[in-house]
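One chain, chain A, links the two complexes that follow: it is found with chain B in the first and with chain C in the second.
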Partner chain A sequence: MNTGILKPTLAIYAAIFLLFLYGPLIILAILSFQSQGGGPQFPIQEWSTYWYRHLFGVTETSRVSQLPVGDALVRSLILAFMTTVVSTVLGTMSAEAFRTRFKGSGPVFYLIILGMMVPGVLVGLGMALLSNFAGIDRAWWGTAFVLHVVYTYPFAFLVMLAIFNRFDRSVEEASLSLGVSPAQTFRRVTFPILFPGVLSAMLFSFTLSYDEFSRTLFTVGRELTLPLAIYGTFSVEIYPNIFAFGVLTTLFSFTLLVVYGLLMKRFTSRRARFSGQEEAA
Partner chain B sequence: MLKLNGITRRYGGTAALDGLDFTVPDDTYVSLLGASGSGKTTLLRLIAGFEEPDAGEIVLGGERLDGKPPHRRDIGFVFQNFALFPHLSVQENVAFGLKHRETGAIASGSELTDRVAAALDLVGLTGFGHRGVGEISGGQKQRVALARTLVTEPRLVLLDEPLGALDANLRARMCDELRAIRERLKVSFLHVTGSETEALTMGDMVAVLAQGRIAQAAESTMLFHQPQNPAAARHLNAWNLLAGTVTGGALQTPVGRLPLPRPLADGTPAQLAVRFDQIDVAEPGAVPPGQDHFTARYLTGEFNGPTTLSFFRADDGELIQVVDHMSNPRLPDLEEGKTYALHFSPEAALLYEGAA
Partner chain C sequence: MTSVTTDMAVATKDSPAVKREGRDRRRAFMLLAPGVVWMILFMVLPMLMVIYVSFWTQTTFAVEPTLTTASWERFMSSTTYISAIGTTLRIWVIVLLATLVVGYPVALFIGLFVKNRTVQTALLVACVIPFWTSFLIRVIAWRPMLGTEGAINLILMKLGIIDQPLTFLLFSEFSVLVGMTQIYCVFMVGPITFMIARIDESMIEAARDLGASFWTIFRRIVLPLSMPGVIVGAIFVSVMVLGEFATAASLSGRKVNLLGNIIVSQVGSLKWAFAAVAGVVLTVIITAVITLALRVVDLRKEM
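After this line comes the complex of A and B, so read on.
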């Protein structure tokens, strides 16, 4: 194609792409500043931070009840954190195992990957039936947690597999040949080099678990996680306080991303700094 | 002194090393020459402890090494790809072993700094300590890798094709420096390479690895002039080998009958070896008296700067190479496709008993 047409076409495509990506978020953000009397739609009657204050319960009592998300938020964060730790550790360990072709590694690989392939609703339902059958109470920290790990572990595993693929084993051997014990070698060499990858695996696990819906739906028991709690409020009536809450959680996610970015930068800057021509020694 | 006795290492059904015996003397630069896939890297990895032999024993200074974990062997290893720690600076790379090793780690900051500075001095990298390992050139990386190994004062240093990743210019300079550094430290270096020139340049002693064993280990000029067996001769890339069977007091080869330097019984398979630079070329029928000869067709010449390599094809397809030195040309003007007589002095030929 002629580059004269190509460039504007791609530019328009990119613009539309970004619009669809961030459009919903922007609408949400704007509507969250609706005044007390306004509904969850345009036009904005008056700009205010009323719904934010309402969210934190610092407004005078109103006919709209406060969003029941406080406990759910804490639960979701704890659950996401637990899932992150377990999935990343499991993912790292199994990726390490896959560095050597062991017997049956092919089937095992697909069995692990299956966890992210199977439909969430089915797994959730199956888990609910299974726990009923086995007489186990459903709970966010039990049955739901197990499913979250099953779901996020393959992602962490794949990330770590890619990281290990690029990892040059000879640096570990170099460390050993310098008289450094295997444990210290892992701590001083392997882990620092792999850490950016571990961070990515953690980010994946955390975000996937944090807004997991379908698997959690049937397995969470009485105490709801955040996505379910929010969904629960939809069945009553929607007020802009949910938008305010959405904006805050999005900000929280962005903060996580920034922390991730900063950590990444700190750990990778030294390798990337030089890219110039090699001169004779 | 490092002694290897009957070292065997198999991968699947094939033996990479097959009952190898070898001794690395103290305070010596030893080069180990082998074709790619000959098991030379495997041998180094066995000595370093990254792999274990299936049979045989490794003894260093009277102490059995095999079965010991690599970090307790006190053997340095310099990798072909340098294997520097990418997340550490040059200084931290060099300090790494001293600081974190299991026994004899140095806690004192000033001693550490001094030792690291001395090591960087030794390899000519004074003042580079603060740089990241991504900010230095290939030759400098090689020096850091060397400094990092030497600073821990290992009993033996293994170098796995340490110059392989460097360009030709740098390689020549690193050769000299490696020898100089080793002489100052009085520790043995075992340097593995696939290049015969590198092996001959570097080694006080050169060992040729072929078919999973040491074909010959000797001082480098000795090895070059008197390879003991066809395998050693072949690896030097300087000898033409003519295989045949003894019949009627001469060696019947595909290029014709050649006289034997010493008598062998009829029916014995044998090989004659003649060095590239000891073959002269003449018109057929103009062979000087007293010279052995055979005929071959001139294929082409390869100009290598100070030397020219000429390729001849004997009637049976055997490829014969002849080296001519520019400053002292021996060869007549050669015409491609024409047949010449290749002659050599009977004393120049080496005779090996046994089939090719």
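After this line comes the complex of A and C, so read on.
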């Protein structure tokens, strides 16, 4: 292909694009090390970890109030965990159902996918109206939780659907007809095939729920989740403590991603070793 | 004639294949029921509730289930609300085009020019990683970037390109557009890269052997085959931008009012019926956009 300068041009463009994606986060990370007297902008008066200490409340009292993240963080983690469990189970069940052809599979597919498509502010509003109408108190573990599942269940469903599409059922049947017990078959055949999908579905559900904001806004009730606690501080003047928080929460997401990667790698290498043994035999 | 067909029907009804099919179907139904019930109760019902409440009577701090079209009339006769529809549509079109223009060359590079699978995956992961970090943090990160004392102004002034800080960068429509483009670009780059990477290498080689220039190859092969990716990306970006309010609220300094912002502010002042009207209008717009896009591409086949 006579691409000439096209390839290098596109490569430079892609590099600029990555800078565009990461630039703001890099600036944010740099400014999180601003000193106590400095504002949320350049220049850096003096490098310090003041705002990190401020975040954990270990600095002497200052005019800037501490970010209200403590309880909210615990709530968000519990909520994300609940959402992960329910949406992964629902997603796996639905994807399993889609392995058999049945009438009306098209509408059901779109009904599920709609959950990730419909804007959070709309379902949030609807849920708030519905709970007012039904006289149910709004709470993060109730009205907000069910909406989080509405949002993450389609992701889990799509991931599992992709796994099941590649899953040859005859492998399972072969195991069963060779006299292996159903429990053994599940442990040795079905589970290893499904595991990467389940792990990905869990990662999606957890991170999406942990960060979910627009669906939670109207349905959370009095006790806020982490993103809402952060959003509340946007309307007033911002301080570098938000930047410090941003760095920490980004690191937390990366940790999750790394744990996921390690689990995945360990699992696939074990499977590779297993197939290696088979070849040797 | 009739007796023969009934006989056959009886015979097939008892056959193991039919029995198994029935059992499979019942099993599929049982497996699907919880998910479908969940979606109907917590997604469809709330959406119907929005439509219902948009016809309720709004009093100062509450809504009453007496049906009226007063909220609709007030919405349609208010220039603030009507202009919010216009702003929403304008921002949507600009961000959609911006994500496409910014994202397509990147997708083209990763999908077509990077031959090494590992590098390809690494580049895609690099594009997707910001998606895993907090949405609100990514929005707020634009403030120290675009502010009058922000990084961009600082650099431009150091370079001597400007001597006064540019004020239009932050708390304007511009900052909202830049922020949204950065946040939603990933959803354009991903599907397009996926479609381009799937193009059979031999097809491009054949075209090249027949003397086609890169431009011809791009126009006749790559572009048409990447279209499903563009549509899928456009659907993702559209539904997210149309339902946006947080970016506009934190970066525009209340200058940009989207339909989402109207909903949030109306709920904040307990005007549930007006919020519901704005919600229905937003739903209609989004439904129209998705329906249009789905006419072009079958989502189920692409996923």
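Going forward, the second predicted complex is superposed on the first by the 266 of 281 C-alpha atoms of A that agree within 3 Å, B and C clash if a C-alpha of one lies under 4 Å from a C-alpha of the other, contacts with A are read in each partner's own complex, and residues count from 1 in each chain.
Quick note on the criterion: a residue touches a chain if its C-beta (ideal position, glycine included) is under 8 Å from a C-beta of that chain, and two chains touch if they have at least 3 such contacts.
The structure presented is a predicted model; accordingly, all values stated were derived computationally and were not measured.
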item	value
Contacts of A:A139 with chain B and chain C, given as first, second, both or neither	neither
Touched partner set for A:E173, first chain B, second chain C, both or neither	first
Touching partner for A:P182 - first (chain B), second (chain C), both, neither	first
Touching partner for A:M82 - first (chain B), second (chain C), both, neither	neither
Touching partner for A:M264 - first (chain B), second (chain C), both, neither	neither
Dominant contact partner of chain A by residue count, chain C or chain B	C
Which superposed partner A:F109 touches (first chain B, second chain C, both, neither)	second
Which superposed partner A:I44 touches (first chain B, second chain C, both, neither)	neither
Residues of chain C defined as touching chain A within the complex	24-25, 27-29, 31-32, 34-36, 38-50, 53, 102-103, 105-106, 108-110, 113, 123, 126-127, 129-130, 132-138, 140-145, 147, 149-151, 154, 182, 185-186, 204, 208, 213-214, 217, 235, 239-240, 242-246, 249-250, 260, 263-264, 267, 272, 275-276, 279, 282-283, 286, 290, 299-300, 303
In the complex, chain B residues that touch chain A	48-50, 69-77, 79, 81, 83-89, 96-97, 100-104, 124, 132-140, 142-143, 145, 148-149, 152, 154, 169-170, 173
Contacting residues of chain A [partner chain C, same complex]	1-3, 6-7, 10-11, 13-14, 17-18, 20-25, 27-28, 31, 39-42, 90-91, 93-94, 96-100, 102, 106, 108-115, 117-123, 125-130, 132-133, 146-147, 149-150, 153, 157-158, 161-162, 207, 211, 213-214, 217-218, 227, 230-231, 234, 238, 242-243, 245-246, 249-250, 253-254, 256-257
Residues on chain A engaged by chain B in the complex (per definition of touch)	168, 170-171, 173-182, 184-185, 188-189, 192-193, 267, 270-274, 278-281
